[in-house]
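Below are two complexes that have subunit A in common, paired first with subunit B and then with subunit C.
The block that comes next holds the complex of A and B.
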C-alpha cells in the first residue's frame, strides 16, 4: 500500500463505516504457478451492474431532498396524533367484505417523511400466448426505457377461456430503485406525459390506501419515449405497460402529495377551502385556513 | 412517429438480415415470426451477447479501488447525516411552534390542523434545472386567475 498517500492510508484506517465494504465481489486467483513474478495476487473484480447511487447526480433526487421533503414534512404533520390501541397477540380481527386491516399509523417524525422507494414497470402481452417470441419486443422496449434487464413473468394460474395455462411466459417486469428510478420518473414527467393525447392527469382518488400509486399506459405511450421513438421500426410490436410507484407514505393523500411534488399531474377540482370540524362560535370573525 | 431522417424500409431490412445473420438459412431456433428478422436480432442483443469479462486489478489497484469506494461511501454517509440533522432541527421547531399555538389559541390551532383532503403541489412547480426555461414567464397564465 505504499502507493497510497499518507492521508489516504489514514482515511482507510480510521473511518468506521457500518455498511460492509463489498460493493464488488472478489475472486482470488487459483493459479498454482510457481511465483516467478512478485507476491501480488491477481484479484478479479466483477463489476456489479446494479448500483442505486451510480453518479449521485440525479435532478429529481436533489429536488426531493431540497424542496419536496421539507414541504412534505410540514404538510403531513399532525400535532394531535393519538396512537391507536394495539391489537393484542393472537386476536383475529375480521372486517366486513374483502377489507383488510391497514398498518397502524405512526406518529409523525422527521425520519418518516414520505419518500419514493421503487418503481415497478410491468408489461403483459396477450400475444405471447400464441408465440412466446412475441414477448421479445416488450422485453426490448422495457429494457430500452428503463435501462435495466427485465425479468420474465410466468402465469401462476391457468384460465381456460383465455387459452392460458399455468407457467406460460406472459409478461416481463422490472423494478427500478435509486438513480434509475429518478431518471425514469424524470422521463415520464418531462417527456412522455405532456405528449400523451387527452390524458387529464391521475385521478383525484388515486392510490391503494397504503401509500402506493399505480397507472397504466396504452401502446401509443410507448412510442413517446425518446429511446423508442428514434428506433421505432426496430420494434415489431408496441405494447402497453403499467407503472407502480411504491412509497413510504401511509395514506393516499401523502402519496399524491409526494408524486405531485415530482410534477406528476393530478386532476384537481375547484373546491371551497376546508373548515375545521368542531363548530366554533367565532368562526366568522377569523379567516378560514 | 417516424421522422424524415429514418432510412427507407428496404435498406433497413437488408441491414437487419445481415445483422441477424441470415436467420432464414438456419433450420431450428428461429424466433422470426412471419419472416420477421427483428425478433432474431432482439434475441441476439438481449440474451446472446457475450458477458463482460471480469476486470483484473493488481493489489495496489485493488487498494486504490477500495479507498475510492470507501471515500465515496463516506461522502454519502456524511451527506445523509447532514440532511437528517437539518430535517430533525426543522421538525423540532415546527413541533414547538405548534405546541405554542395550541397553548395560545385553540381556534387558530384547530384551523392550522385542518387539512385539505386532496391537496397536491401546484402544477406550476418547477424542478431545478441547469439552464432557465425557453419561456421565462407565461403572461397569459399569470394574468388568468
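The block that comes next holds the complex of A and C.
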C-alpha cells in the first residue's frame, strides 16, 4: 500500500487536533494557497489530478438528457397547478413535530425538471477511535470506488463514553459531481446493486421530502465494487458507507422517479391487479382518422 | 454486467429488446435503460395509468366520443430509445483525445505494486497494455515501439492466449438493418430515437402515427393502447409515459356529412400519447394498416404529409 497511501498517511499524521475540516483541500490546491500550505505539500504525493478532464461522453448523462428528462417532464406535469397562497408577513406558522416549512411548490416547467446534482459517499469508522491510522483502509476504499480523494472528517464534539475526543479524525467523505457522479451511479446500478443478494430495493418511503434520497451500505457491499473486488486482501478493514443522492426534485415522488429513471431498484408493495385483457372486446375496425 | 442484471432480475426489467440487440449485434457503449422502472417508483399514478382503471370496464361502449363537434382521437407516439451512445463530431473526437492524453500525462502515479502481485500474469499483462498505450500516445516514436517489443519477448505463449481471450471486441455501430435500409427493423439507427409510423390503405395521409377514435367512457391512454393493440397486434411490450398527452393536432373532416344530423362531427382533434417499446414487433393485420416503419424524426418527413409533420415535429426528439 506504500506509495498509494503515503499521502493519506501524511494527511492523517499532519492533522492537528481541532484542525479545520478541509485540511486535504491543499491536495487539490492551485497556487492560490498560502505559502505555508504549499511548503507542506511539497513532500506529499499528489493523488488527485489538478484539473478535471472530460475524456468522453458519459452514458448516464446522455441517457438523462435524451430520455429521462423528457419522460420526467411528462410524468411530473400538472395541468391544474395552483400556486399556494403566500403566508402574510409577521405570521408565524407552527408545524407539528420536527418539521419545518418547505418552499411552496412551483409550477411545472421545462427548466424545472428534476436533475441529479451530486452524490455524497461518506463513511465513519469506529476503529478510528483507537488509532486514527485505522481510518486509512476506509479512506483508501472510498478513494478507490469513487476515484476522488476523500475529505477527512473530524469529530465536532467529544463523547466521553466512546472515548471520542473533539477534533479527532473519525470518517471521510467524497462529494461527486458531473461526469464522476454519473459514472459512480452507473457502477452502482449496473454492478453493485444487482449483486447485493436479498436487498429488496429502496423502500417506497425513501427520501427526505425535499428531493434527496440516501441509502446505507453494509461493509460486505464494498467488496462488490470492481475496484475492490480484485484487491480485496489489500484492505485490512471493510467499512460500511452511506450514499446520498441530492437532486433538484421538490418531492419524494419526483426524486424516486428520477432515480428509477437511472434503473435504481425500488420496492413495490401494492402492485396493481393484472390487466384484464378482455376488458375491451376486439372491436371490428373502428373508424379511424 | 448485463448478464448479472439479467440474472438478478432488477425490478426495472430491461426491455428484452435491448437484450436481443446485445445478443446479436450491439456496439460497445450501451444506452438502453428501462424507462419502465419509472412505473415502479411512481407506483401511485403511472402504473395504474398503464392499466385500464376508469369506468370503461364498467360501461363498455363503442360509441365515438364527440365534443363540440370534434371527434376525439388518441394517437400513440411509440418510440424506441437510443441503444448506443451518439456519434461524436470530429471536433468532439479531437477534443476528447486531447483531454485523454492530458489526463494520462498529469495522472497521479499508479501504484502497480499495490494492485498486482509481483510476477503474476496480471502484472505482465498490465505492463504490456501500458507499453501499447504509451506506444499509441507517442505513435511514431521508436521508444514506445522498442518498449512494446521488449515486452513481447517477455510474454509467454500462455499470456498471449489469455490476453486474446480477455480482449474486448467491439461490435459494429452500423447494423445489418442499416446496410439493407430495412426500416421495419428495430435494430437500425442504434444511436437514434426511432418512432413507429403505420400506413393505412388510402391515398392521402396514408402514413401516420397509429391513432384512432376515443370511445365514450375511455381515457386517452386506454384508447391509444387499444388502438395500438388493434392495429399493430399485441406482440409488443409497451410502457405509456404518464397519462397526459404530449401534443395535439386539429383538422377538419374532409367528407363531413352534414345532412343526416346536426350532431355529426365536423372536425377531429388528435391527442398524442407518449410510449416506449421494450420488446416485440409490430404485426401488420392488412386490414387497418398495410405497412409500418421505424423512422427517425428527419426520415419521417419523407413519409407523412407536410401539414401532419408540421403538427407533430415539436414532440419528437432531434437525436
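Here, the second predicted complex is superposed on the first by the 210 of 289 C-alpha atoms of A that agree within 3 Å, B and C clash if a C-alpha of one lies under 4 Å from a C-alpha of the other, contacts with A are read in each partner's own complex, and residues count from 1 in each chain.
The definition used in the following text is that a contact is a pair of C-beta atoms (placed from the backbone, for glycine too) under 8 Å apart; a residue touches a chain by one contact, two chains touch by 3 or more.
Computed from a predicted model, the values in this text were never measured in an experiment.
**Student:** Decide which partner touches more residues of subunit A, taking subunit B and subunit C as the two options.
**Tutor:** Counted on subunit A, the partner with more touching residues turns out to be B.
**Student:** Looking at the overlay, what does A:57 touch: subunit B (first), subunit C (second), both, or neither?
**Tutor:** Once the two structures are laid over each other on A, A:57 reaches subunit C alone.
**Student:** Figure out whether A:194 sits in contact with subunit B (first) or subunit C (second), or with both, or with neither.
**Tutor:** Touch partner of A:194: subunit C, not subunit B.
**Student:** Check whether A:261 is in contact with subunit B, with subunit C, with both or with neither, and answer first, second, both or neither.
**Tutor:** both
**Student:** Between subunit B and subunit C, whom does A:163 touch in the aligned arrangement: first, second, both, or neither?
**Tutor:** neither
**Student:** If you stack the two complexes on chain A, which partner ends up touching A:100: first (subunit B), second (subunit C), both, or neither?
**Tutor:** A:100 contacts neither subunit B nor subunit C.
**Student:** State which residues of subunit A lie in both footprints, the one left by subunit B and the one left by subunit C.
**Tutor:** 1, 3-4, 45-47, 53, 56, 59, 62-63, 66-68, 70-71, 74-75, 77, 79, 204, 234, 253, 256-257, 260-263, 265-266, 268-269, 271, 273, 275-276, 280, 282-283, 286, 288-289
**Student:** Help me check something: in the complex, which residues belonging to subunit B touch subunit A?
**Tutor:** Of all residues in subunit B, those touching subunit A are 1-2, 6, 9, 12, 31, 33, 36, 38-39, 41-43, 45-46, 52, 54-60, 62-67, 69-74, 76-77, 83-84, 87-88, 90-92, 94-95, 98-99, 102, 107-121, 123, 125, 127-129.
**Student:** Residue numbers of subunit C touching subunit A in their complex, please.
**Tutor:** Against subunit A, the touching part of subunit C is residues 1, 4-5, 7-8, 10-12, 29-31, 33-35, 37-38, 40-48, 51-53, 56-57, 60, 62, 64, 71, 73, 81-82, 85-86, 88, 95-96, 99-100, 102-103, 106-109, 111, 113-115, 193, 200, 208, 211-213, 215, 222, 226-227, 230-231, 241-242, 244, 246, 251, 268, 270, 274, 287-288, 317, 319.
**Student:** Write out the stretch or stretches of subunit A touching subunit B in their complex.
**Tutor:** Checking each residue of subunit A against subunit B gives 1, 3-4, 8, 11-12, 15, 17, 19, 21, 23-24, 26-27, 40-47, 53, 56, 59-60, 62-63, 65-71, 73-75, 77-80, 109-111, 113, 131, 133-134, 136-137, 139-140, 143, 149, 204, 223, 229, 232-236, 253, 256-257, 260-263, 265-266, 268-269, 271, 273-278, 280, 282-283, 286, 288-289.
**Student:** Show me the residue ranges of subunit A that touch subunit C in the complex, using the header's touch definition.
**Tutor:** Those residues of subunit A that touch subunit C are 1-4, 45-51, 53-57, 59, 62-63, 66-68, 70-71, 74-75, 77, 79, 190-191, 193-195, 201, 204, 230-231, 234, 253, 256-257, 259-273, 275-276, 279-283, 285-289.
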